[in-house]
């Protein structure tokens, strides 16, 4: 199991806690809690085939621009593909309301 | 129902099997009353899976949801079949046992809390073996305790089914609801085949497996009290109806003499099949000792 | 003395040789019926060393009694056969080579046996003629690969050799036609022999074309290859299916099409009565199909979407349903399906608006292949359907819609869609710098890399990231940019730059889900018309009977 | 002969017993006394004539499950009006539940539920219930026979084992080799098969060193009986009929934390 910490610039704090997904094979869960404005911190616990480098690249695409809300995000993944990861992240962002 | 009506029904009904554990709990509770306890943000990860490099889930695959059931205080315990096959380890097991213990305590204090268990489990999580087994014993203890005050209702919807020590928990429930896709059995097909050979049990023969442990057979032979379609609303209504009925006159687990009598009439010289089981258990008239 | 003209003999050598062999088995056979136990003895006489033998190994139906028996013959007496097997799918197909009975192989597809073919090739036990597409292989049977012997499978025969090939006719007519009419010997294994044609369900192959029938020791093996359990469909596949429906089917008004066998296209089939219906597309798209009878198409058929389906082969469990829907399926007088791979492949090549399929690898230029290191799988029918046949002359709205000029001399174009997730479930990227096929070609000495679909044949690439409208590319460089823009974080995707992606998006060369009005959030299994096998049965009014291994009741 | 331990210890501990006519030859039941308190001893033993062939080696099968339930329920019924509820002592030596087609078909889960339920109700009704593990205590069989006891005792012996699944089967199901499983068990106490590791979970009230677990010496029997008496007194003194005292082990921190959280968050 790999653990990875990432940090990105962000806007105002997320408005609520959000949970999406399930740690089934090929899937992941995402837990989001509001954080202080300006920073988003992401912790990833992953088993499976995606390298830490690819995880970083996938999340960079979504958060590097700094337009997302500030949050603490935790991801627990079990062999999820980048496609499934981005789908779950989109669901989570939808629920966070950004 | 005409074929056209059936199609319209297929397109509109809310599947229960499709829902995750949290959604299932929500769909049974009175609207707007769902409140999760010891939830994912309490981050109750299994300490034992992480130590074995296995992916963990923040709720360890068990949801405890308080709320109202037809206006009465209630708690739903839902197992997430998608995480580790719904297997129970220390944390998930403690959530189930602990919540049932709290419900019994409520009743002792004059607050008649009800409980529904949504089974979707292969039983003990082998990576936490003895702590899973211990937790399941505590779940059994808590169901028996709570049954002294309130009916405890079990639902096995599928697609995992209910196996291992948790099938015993299902056997302790006051009422059991199943769908046709659900299975209920002590030992999983693979394990039986490994232990006893393919002639005894062919774990790849799905119709055979369902003919013995599927919802339809379990209902026909009296091991389940309701066989329902995969329809969240029908399941909700049936749960409420069983609560309204109160305790069963004579729970299955107390019918020792009847079951012993029926089993004594089994011809064990030949191997059994679904038909034979139905014949043995069709004598429902004398069920009350 | 005028020499006895040798000419007549010279002109009918094949016929004379056939007669000679048939005479030798007279004592073994009862008319055209070979007793089951005599098959081995008869094959040793009827087949000669060096013969070209076409063996019916199909996608589904397998002449397995014939292949098992052939593989047990004595290689000292029977050797150096040149086998033609459309689908190399059984272990004994390759035992023939390992045992020295056969030497050369021409084939189309070899899914489960692909690794072993690679090994036998490396060990020098096997020589490959070529890896064909199905229709290409049948075509060569009529040109330079005419068989001496055809070994085929049917459900029923009568005592005159009339065959009922049933719902899974598949390749049988093509293989027999090429053999029977050039004095080859046709031997059919059947599950059952009846007295005469009046007792046959129907006659698919006239007895005139068949030399021998033999009742198999057990019914032929058949694989339910096209059954996809809706329970296994994931939200990501639903997202991609929604994108396909909006961004391709609706946009180009695709009315006739072929679907591959994966979960992606199963998801599309199950979204027609729900999501596509909500877009008001019923009657406008997906009316005519060339595909196997996919159980997941049942809800669309029952909802009135589908006018016709012509099939390559049958599918176990669909027999009763098909028989009850003769307006939709091609059926015989008896009611059962008549499939025919050769015709259906032809239809899929020339008569449909669109082919949509999947692949294991695609490179930055859009070339795709399912051949990976060590595995010599063929491509079956995908390359035929997955290209733009320049011989097409009839027009349809979708075909015309792909014209990018207003020149009256430009031709329409078939839609060839590749629908892939950017990464495979094992974490390997689908979009790669170089196809494994290139390395395979190098190590096995093939003249060309085994490419399934060439980049310039692909009109659309659909990934979970978006759709690249490749038919609009003005240059190879632009096609590469389009592919990179929807390739996510694969090595190809990392080549893209945000500015060019924005420009491609603005110019309509790519579309992201949001450009199509699709929110990823909405990609839910709730949209599936059927979510389980049981629901498919309900949709079929109880007529579909899934094979045991797909039942959860 | 491992599976004869149950019979052996049963006979040693019930030397002067009133045998109860059993529902099944695979069940031994005796009424006697413990420290002057009435006590019913129950054990499951191999029965090679068992009509259910998968339950001939001491497994808890269909007949055994229902017979255990009867044996406990009958004791409860007999003592219903008594203040002095007899102790129920489960002597545990069973290789597991019966794995078979008939077992699943005729509802072994329900038979085991009846047994587990009966022990639990007896405990709640005030019967002191003690589980004495003298051999294997495996999986569903243990859940049905003994795991509901107020106090669990085990002999400290290499033939004594508690687990959810046999080693070979567990290896196959978790896609590991037996060696890998053993290596994991060395660092993951709940996965271990030895009774010492089990004791570290805090589920046992007492681990009993004996000199001969197979053929107990008089002093072994004496010591075990004395400990059973202690357990009885401890139960009676505690005035608690729950399983709460099992939660104290060093390896059950999570079990405690979950309960604490539930209690905190419970009030509406």
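Things worth noting here:
Per-chain numbering from 1; labels A, B, C and D assigned in written order.
The rule is short, and it goes like this: a contact is a pair of C-beta atoms (placed from the backbone, for glycine too) under 8 Å apart; a residue touches a chain by one contact, two chains touch by 3 or more.
Because the structure is predicted, anything quoted here is derived from the model rather than measured.
Of all chain pairs, the one linked by the most C-beta contacts is B-D. Among the remaining chains, D is positioned farthest from subunit C, on the basis of C-alpha centroids. For this pair, subunit B with subunit C, the centres built from the Cα atoms lie 44 Å apart. Centroids built from CA atoms put subunit B at 34 Å from subunit A. Averaged C-alpha coordinates put the centre of subunit C at 60 Å from the centre of subunit D. With each centre defined as the average position of its C-alpha atoms, the distance from subunit A to subunit D rounds to 47 Å. Per the contact rule defined earlier, chains pair up in contact as A-B, A-C, B-C, B-D. Taken together, the subunit C residues at the contact with subunit A in this complex read 234-236, 239, 421-428, 463-465, 488-489, 494, 519-521, 523.
Listing the residues of subunit B that touch subunit C in their complex gives 3, 6-7, 10-11, 15, 17-18, 158-159, 180-181, 204-207, 210, 214-216, 230. Against subunit D, in their complex, subunit B makes its touches with residues 35, 37-38, 42, 44, 46-48, 51-52, 64, 66, 73, 90-91, 93-95, 98-99, 101-102, 123-124, 126-138, 140-141, 144-145, 148, 164-165, 167-172, 184-187, 190-192, 194-196, 200-201, 212-213, 221, 223, 252-257, 259-260, 263, 266, 268, 271-274, 276-277, 280. Remark: subunit A residues 26, 48-50, 54, 57-58, 61, 79, 81-84, 86-87, 90-91, 94 touch subunit C in the complex.
Subunit A meets subunit B in the complex at residues 1, 17, 19, 22-24, 27, 29, 31, 33, 45-48, 74, 76-78.
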